[in-house]
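Data first, discussion second: the structure below is written as structure tokens.
In order of appearance the chains are A, B and C, and numbering begins at 1 in each one.
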Amino acid sequence: MARAVTQNRKIINTAAAWTVGLLIFFPILWTILTSFKTEATAIADPPVFLAFDWTLENYSVVLERSNYMRFLWNSVIIAGGSTILGIIIAVPAAWSMAFVPGKRTKDILLWMLSTKMLPAVGVLYPIYLIFIKMGLLDSRTGLVIVLMLMNLPIIVWMLYTYFREIPGEILEAARMDGAGLKEEILYVLTPMAIPGIASTLLLNFILAWNEAFWTLNLTAAKAAPLTAFIASYSSPEGLFYAKLSAASTMAIAPILILGWFSQKQLVSGLTFGAVK
Amino acid sequence: MSLRNSICAATALAMATATSAFAETTITIATVNNGDMIRMQGLADEFTASHPDIKLEWVTLEENVLRQRVTQDIAAKGGQFDVMTIGTYEVPIWGAQDWLVSLNDLPAAWDADDILPAIRDGLTVEGELYAAPFYGESSMVMYRKDLMEKAGLEMPEAPTWDQIKDAAAAMTDKDNEVYGICLRGKAGWGENMALLTAMGNSFGARTFDESWTAQYDSEEWATTVNFYVDLLNGYGPPGASTNGFNENLSLFQQGKCGMWIDATVAASFVTNPKDSTVADQVGFALAPDNGLGKRGNWLWAWSLAIPAGSDATEEAKEFITWATSKEYTALVASKEGWANVPPGTRSSLYQNTEYAKVPFAAMTLNSINAADPTDPAVEPVPYTGVQFVAIPEWAGIGTQVGQEISAALAGQQSVEEALEKAQALTTDEMEAAGY
Amino acid sequence: MATQHSRSAARLMMAPAVILLLGWMLVPLIMTLMFSFKKYLPLRGGDLGWVGFDNYIRFVTSSAFWPSVLATLAIVGGVLFITVVFGVLLAVLLNQPMWGQGIVRILVIAPFFVMPTVSALVWKNMFMDPVNGLFAHLWKFFGATPIEWLSQASLQSIIMIVSWQWLPFATLILLTAIQSLDREQLEAAEMDGAPPLKRFGYITLPHLGRAITVVVLIQTIFLLGIFAEIFVTTQGSFGTRTLTYLIYQRVLESQNVGLGSAGGVYAIILANIVAIFLMRAVGKNLDA
């Protein structure tokens, strides 16, 4: 009897969760489907769901018109570079905050977060002028630096919350064994914090990948990532839903696939210290 | 130094010289993602084939993003682009600041005298041509012959606004999703305000009087905007307040508009059977007037210009010469047909007997000739520009005024409120700019 | 435990991050402050001299200022409300036993991976377009007049788009928090005959307090600066002009850097007011 009740509940839960899940996912699914339609089918009334003549034409048009691989590569370099650089700088900072907390540690942490509240548009002009002076316009280096600085507070914050969960006794034991600061971080702390570092890495990679203000305003051709690629497909003349969908799919597919494969790592670490 | 080493060094030196002789110069071209420019990008292989030492980098962006990027870059002197696609609004302002390279020295074969005078004047500042027109446009009425016939009406060659309103009423059939009139409603100085400012001219309105006082509180503007709002709310498509050029184009191509008053370049899209379901039913007429001596049509030219900071001026000139030449026109005609050549820049195109067969050729030329950027309004004005005011502040003013009118069109405020706010914000912006 | 030695080492290790962020904050901030006291019009020759507080006065007295502050707060508040409420519900649902939990989780987190520009474009064109959008088709199918989303319900539409993007984030954090909840406690309550709603209200929800604060904090930081969603959909029309967008209009459309910089300073002040409230709440919650 009790089994039957739980069984029924499971069925209801499953139905409910799948409905909600599909509903949330639907816009993405629809975009992917539309990318395989012709422009005319894309706006057909009533809309066609699956029973249309699948075509790859949109993809070939997009590939012919833009150098997709270059945009993709720039995105990878910029998002990857800024994330890795950010982690290299943030690990020592987060370590010292977590294990040698001072009176001001919390203030410093919160101050770091507050730097993220500077409105980007407000400082576009100053940053643009600095970039011109330093010759960083349209360079991947420039964007790596800017995006690293943008995400640094989040990286420090996330790492800090993971490090705090590591019991101090282990470090002391390591110290007794004669481990120096470097060994302590490299051989004791880092391995324990791998899941945390992995999810920090993933989250910030996603944030950097999707950043669309600086990447668009500080690049022209050489360093332009996928956000700029998309900007050449939004609202051109004439019917464009199918081509827009193809370009959109191409812009989000890499990160979507990466996210799905690594979602366990991402989820396991994505707590921001919310769970004790 | 051993013999071997010196041979190596000599070879290296020779190779270095050889490479520098074939050194490629890269020019970065910022352009808008309109059909004609995308076609140019596709045909650019022809250019690089004859200019192996020039490499082209394309930055193709949606219009709003493009404008923001190039303005930012030229104002801050970022020097990221060698060729910029800009319009008749930017050229006089930037040219006067000496931010653009003069194109007076383009080769004689390019034939500057062939450029339509109205277009050329718009791109010239104190005798210096600062941009080469890629395509030019005015605005006109595009209408559905079959729907007009069904309604028992005939479209005059030069209609009045009242005739447009009557025709819109007669053609509207909301149950079948046919809307008598499609007009721009999306806010933006290059969207609804282009239409409204040009329309205002035909209603006797003007944006500023001779002493640069904003005129949105005038009787004429109230009449213009009320007419526009009534027309669109009565016979326009749903969501008109968010429709820009592209949205209206796709509505018209789907057969959902009876009439559409917009850029003359749209003619080649709506008559193209590949994209348009109504390709064989489109008629053309001049933009409407009110009998006051000015018609509601604008003048615009997407043009190629070289920012003064470019380090590849000569190469950029070569490219511009190619892209805006008669040969380029011929190239497009041979590959894609005469209907697809970039229109509205050269007299020779309109003398071409092949091009004369294109259904919208004559009406485009007449529309362009009917616009006068130096004397746009019924009353005298201190500015140039038909559908814009050629001052740096206009982009900001136009867009904000456009947002107020857009909100009035969506029914979120009355026309009076919108114009009151428009007047206040324009006065404020002008004050901030030091008028 | 912390020796003098490790303290100075700690300071040294913190230094790069702190110095970099200090530079990232101060350099643009000082330049912005300087511009804000100047008449700076790039298209009219650039720096035209000092003007005192003119820009500040002009920025607040403009009729667009207060509506833009309200629009900002409405969007941030609306998105926070939706993501937290639905995030909690979704987290509870996903925590139940079911088939294919992993796949459902993948479906739910997917929107988080989508670029804001792309999601705005897709929603605007393929869903909210009053003629060709999917919603319009749906409305017509049921015989209703399609809603003109981006003009008639502009603020709600933007809140909806942004909420769609951020719901996965909230759900994930809340789900992790729920999973850490003591099962025995819940089962004991169930044994005592406490109805599900009561169990949720007295045990689950209080347990989530900390996670909710974190969600609110992180999201607020990102939401205060949303730009792409508005730029792509309404361009600030129909009451969706946020403070960020107003500054954008001043700086880039009107090319009035002085005025825009003054706006930037106001935005920093607003962000800090919000931040102080948040930090208080979070600081307390994190100590606990």
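Just so it is clear, a residue touches a chain if its C-beta (ideal position, glycine included) is under 8 Å from a C-beta of that chain, and two chains touch if they have at least 3 such contacts.
For each chain, UniProt lists the protein as follows: B = Sorbitol-binding protein /mannitol-binding protein.
All of these numbers come straight from a predicted model, not from anything done at the bench.
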| item | value |
| --- | --- |
| Greatest separation from chain A - chain, by CA centre | B |
| Highest-count interface - the chain pair sharing the most C-beta contacts | A-C |
| Between chain A and chain C, centroid-to-centroid distance (C-alpha), Å | 15 |
| Gap in Å, rounded to a whole number, between the CA centres of chain C and chain B | 36 |
| Multi-partner residues of chain A (each touching 2 or more other chains) | 43, 124-125, 129, 231, 234-235, 240 |
| Two or more partner chains touched - positions in chain B | 68, 72, 76, 250 |
| Of all residues in chain C, the ones touching two or more other chains | 132, 252 |
| Touching residues (chain side chain A, partner chain C) in the complex | 6, 9-10, 13-14, 16-18, 20-22, 24-25, 27-28, 30-31, 34, 43, 45-47, 89-90, 92-93, 95-97, 99-100, 102, 106, 108, 110, 112-127, 129-130, 149, 152-154, 156, 168, 172, 181, 206, 209-210, 212-213, 226-227, 230-231, 234-235, 240-241, 244-245, 248, 251-252, 255-256, 259-260, 263, 266-268, 270-276 |
| Residue ranges of chain B in contact with chain A within the complex | 28, 30, 33-35, 38, 41-42, 57-63, 65, 68-69, 72-73, 76-81, 244-246, 249-250, 253-254, 269, 275 |
| Chain C-touching residues of chain B, taken from the complex the two chains share | 64, 68, 71-72, 75-76, 93, 97, 177, 186-188, 237-239, 241-242, 247, 250-251, 256, 392-393, 395-397, 399-400, 403, 406-407, 410, 412, 421, 424-425, 428-429, 432-434 |
| Chain B-touching residues of chain A, taken from the complex the two chains share | 39, 43, 64-66, 124-125, 128-129, 131-132, 137-138, 216-217, 220-222, 224, 228, 231-240 |
| Residues on chain C engaged by chain A in the complex (per definition of touch) | 1-2, 6-7, 9-11, 13-14, 16-18, 20-21, 24-25, 27-29, 31-32, 35, 90, 93-94, 96-101, 103-119, 121-123, 125-127, 132, 134, 137, 140-141, 164, 167-169, 172-173, 175-177, 180, 210-211, 213-215, 217-218, 221-222, 224-225, 227-228, 232, 243-244, 247-248, 251-252, 257, 260-261, 263-265, 267-268, 271-272, 274-275, 279, 282-283, 286 |
